[in-house]
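Across the two complexes that follow, chain A remains constant while its partner is chain B and subsequently chain C.
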Partner chain A sequence: MQTHYSDISSLSTKYPRTTGSLFLVYNDIVYSQLWTDVQVLDLEPCTRAAIRGCRRLNANNTHTQIANIVPCTLSELVSLEWLDNAFVSLDDPPEVYLAITSDDSSIVYYKISRGIVKPPL
Partner chain B sequence: MSLIGQKNKRGGFKGGARRNENNRIYVNPLPLVFTDPPRSRTKSILSLLGISLASLENPHCEGILDVATNSVWLTNTAHSMVLWRRGFFGKGNLSRSEPSWLARQINIRRTGGNQMTSEELTAKRRAERQQFKQDRAKAIQAAFAEAEVAFETEGRVVKVALSGPSIPSAATWKPSESAKPPSIPDQSTTSQDADHPVDEEEPPLEDMEHLQLTFAEAWFLLWTMDCLTILDAQTLEPMSIQQIWSTFQSIHLNPMLLLDPKSQPSPKLQLHFDNPFLIHYVAYHHYRSLGWVVKGGIKFCVDYLLYKRGPVFSHAEFAIVLCPVYEDEDDKTTSPFELQNTSPFSWSWLSTINRVNATLQKTLILTYITIPAKSRISPDVLSSPACLSYYSVREVVIRRFIPARMRD
Partner chain C sequence: MTTDSRPIPIRIANQRAYIWDVDDIAVLRSQHRLCGILAGTLPHLSQQNVFLGVPLLLMPEEVVLLVEKKFAVLVNDPNAHQAPTAPQLQKWEEERDEFAKRHIVVNDTKISQNAATRSMSEDAMRKRKERMERKAAQPQQPPPVDMIPEESPAERTEATPTTDSRPSTPSSNAITVAYPVIIESASSTLEWYDTSAATYNTIEAAQAAGIWSYPSNLSERARCGVFRGLWEQGYFLGGGIKFGGDYLVYPGDPLRFHSHFVATVIESPVATLRPMEIVAHGRLGTATKKSHLLCGWNDEKKDVSYLSIEWAGFG
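Right, the complex of A and B next:
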């Protein structure tokens, strides 16, 4: 059972309260979404770990894009200050994915950017 | 063939063969199955007296309590399959619903991939839809550019039609070769695979997926169906029903206590009528008892979705928002929990949530659950599931009224 958590163990022991959402999102990203070079980062101001990896943009993995994910659970309260801290700690990327997990293991991802972003045509 | 076109032609209904197969696979609505012995004289005499010889088949599944994810995990594939096929309990943590991750991986390896899993079908449909939108946008842009040229060179004003033979529509558009679904390898990789046969070189696949049951689902299977045993994650010993009842409540009170195996659980559990586990279980049990298949509704901004027979047969008809109501308002101020939707909601909240669900053809139901007052009933009753009879459930159906259209 504990072996399931081995990939994320160092930061899950540091932030036990957010282990559940981190585990669900990490596994979804690695095994279902098939991102590559996935690493777990310490996101101290949000008292949790974040996930960074290369997102696949096509089938053959020739186009990828580095993306950041901040996991949380449905029962947590998220504030603008909290999100701002996440952006700052992740070196101000153009966008951050907020991954919200529920007890049935469903994950809903929200793409969050600073300000108004022009949608792609 | 285009999946978008297919869907339009058949109005989104499943084909007859598929429906028959689903009727066969998902014939049992609950994990417990009554099997009738062959007809005999004793049986007909007994049935006259109202006695049945039918025997009960109980699948006896085993799950492990996972405190970090507030859930119970089933890692035995046979057990997961039984609970999914008989009543649609749980969800595969790497799949949309039924645990199909291993089958998907095997499919990818086999590269033929004739039988697409539902996730792959969705990916294909989305890729096609995106391609269709791009093609349409391009065609519209071209039409505008043409009109611009006509105006500049001939001074003619052309009104650009946004539909017509040159603009693709959902009915006429056909996927071109560029609209490849992400998980289906194209010709170049297939030929590479022919050079390096896949069969023996790759290590065997380990199933990384489990069936995840919420506490409400787990308690329903354990307490009302008696077909689930929950093991302690540390000792792998079966937990007693009393232990499980108090653990499900105390995880919501103090998750840190249970995450750290060194700390001892408090000798006396604090009991609260508004424990989130109890509120969710009351709602879950209410709808399951009335024959609905109840699934989580996070993707629709609601607490639960109700399916008539199950997600493979039809879309959910109803979306449930739980609104806990304190019988005694004082209990709310002294509560250690911050339950959602306990205070009066705003019109904008209702409008937003109803808009989302109306677009998705779901009827919104506000489910009010009355939390018994501590001053009236002693919290000691919470030490056993008998306390569930003190809760009451009331429903309000919300439907937007459009005066110009709704004449009936």
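Right, the complex of A and C next:
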């Protein structure tokens, strides 16, 4: 247990204001969504840590996809520039997942893509 | 349908933009991918909103786009109606009079024909014919005093010296039988209607003339910029109120396609965005099989950046 949290502990110290949502999202991703190869990245322009890992696309982990998560709380105020900076710091992936946490510890994930991306059929 | 490049006249009334010609509406829709909203109801059923017709009401963003692209001009319609000259007015009155007379004759013929088919006797038909002739002859009689037009007969003969062999007036005041008066819905047939002095080719000129104000602030500039940006990518746009956004974005004509996106306009890259908005828009979009578009306007660079939101599918 202690070994896992060593991943997030240094960035938690660096960005204490966003540690709450980072901790919630990290736990959810690792233990509930069961993503693999989870790492924590420094997202300096957004003054927080981001999470990168392999998302499970089926039950037995034969299909995975590298995905990025930016945690934030429901009470924060963000902007388009803030989201743009997150994309740039994460090496311009086509999409990032915004994990929005509320103070009862529930989390909701929304996929944000750059440009005009059609909805799935 | 016409394919000429004549700019479409957009009639401005009280800062709102209307198209009154159905051919222009067709050109707008098929060539310029702009739909507007039909806003005309039926005179006797003005509350119903199932069957709407001309005029077409345009969104201000559509107007700005059309004028900037030189597809349309703005016309200040009240100023296009000049005061008619005396001969113009007289010609108009003569035409109107002619129409009334023709109508009375045609109408009476119709009545007698109808009556004849309903097995009227020869006698009745003859009487009817006589009555019809009497009516046709009636304009020869002098007009009743209370129906003499404001203009004095002296002025009238002065303007038209050729009419002196006929009864003193060409106006319809001698006709005592009921007849319809047609009021044309378009002014374009009137000789004193001239739009050349009331037409504006640019938004700036129309703003200077005080008939049009959009876009007058950052919010309106952002809306125009985003509208234009999406339109230039080939989309059709409609009002977004049904799905809680600013625009609905269609991949083709809205009569043939469902919209793929709901777009909201964000005035600047640093404008505040609450995560709750992302949840609300994203969730609604997922439920209706649409993505939500955040359209960010940069007023310095005059460009638009887009972010698409949908539910992640987990968590």
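What we mean here is this: the second predicted complex is superposed on the first by the 114 of 121 C-alpha atoms of A that agree within 3 Å, B and C clash if a C-alpha of one lies under 4 Å from a C-alpha of the other, contacts with A are read in each partner's own complex, and residues count from 1 in each chain.
The criterion applied here is as follows: a residue touches a chain if its C-beta (ideal position, glycine included) is under 8 Å from a C-beta of that chain, and two chains touch if they have at least 3 such contacts.
Predicted model only: the values in this text are computed from it and were never measured.
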Message: Once both complexes are superposed via chain A, do chain B and chain C end up clashing or fitting?
response: fit
Task: State whether A:P16 touches chain B only (first), chain C only (second), both chains, or neither.
output: first
Task: Name the contact category of A:L74: first (chain B only), second (chain C only), both, or neither.
output: both
- request: Go through the superposed model and pick first if A:L83 touches only chain B, second if only chain C, both, or neither.
  value: second
Message: With both complexes superposed on chain A, which partner does A:Y26 reach: first (chain B), second (chain C), both or neither?
response: neither
- line: After superposition on A, vertex chain A (C-alpha centre) with arms to chain B and chain C, in degrees to the nearest 10, comes to 80
Task: Check whether A:L98 is in contact with chain B, with chain C, with both or with neither, and answer first, second, both or neither.
output: second
- prompt: Of the partners chain B and chain C, which touch A:K111 in the superposed model: first, second, both, neither?
  reply: second
Field: chain C versus chain B - closest C-alpha approach in the superposed model, Å
entry: 5
Task: Using the superposition described at the top, list the residues of chain A that contact chain B and also contact chain C.
output: 28, 32, 74, 77, 100, 108
Statement: chain A contacts chain B in the complex at 1-2, 5, 12, 16-17, 19-21, 23-24, 27-28, 31-32, 56, 58-60, 74-75, 77, 100-106, 108, 121
- prompt: Any idea which chain A residues touch chain C in the complex?
  reply: 28, 32-33, 55, 72-74, 76-84, 97-100, 107-120
Task: State the interface residues of chain B toward chain A in the complex, per the touch definition above.
output: 64, 66, 68-71, 73, 90-95, 101, 119, 137, 180-186, 188-189, 208-209, 212-215, 217, 233, 255-256, 259-260, 276, 295-296, 298-299, 338
- prompt: Which chain C residues qualify as touching chain A in the complex?
  reply: 233, 260-261, 266, 269-276, 278-279, 282, 285, 289-291, 293-294, 296, 305-315
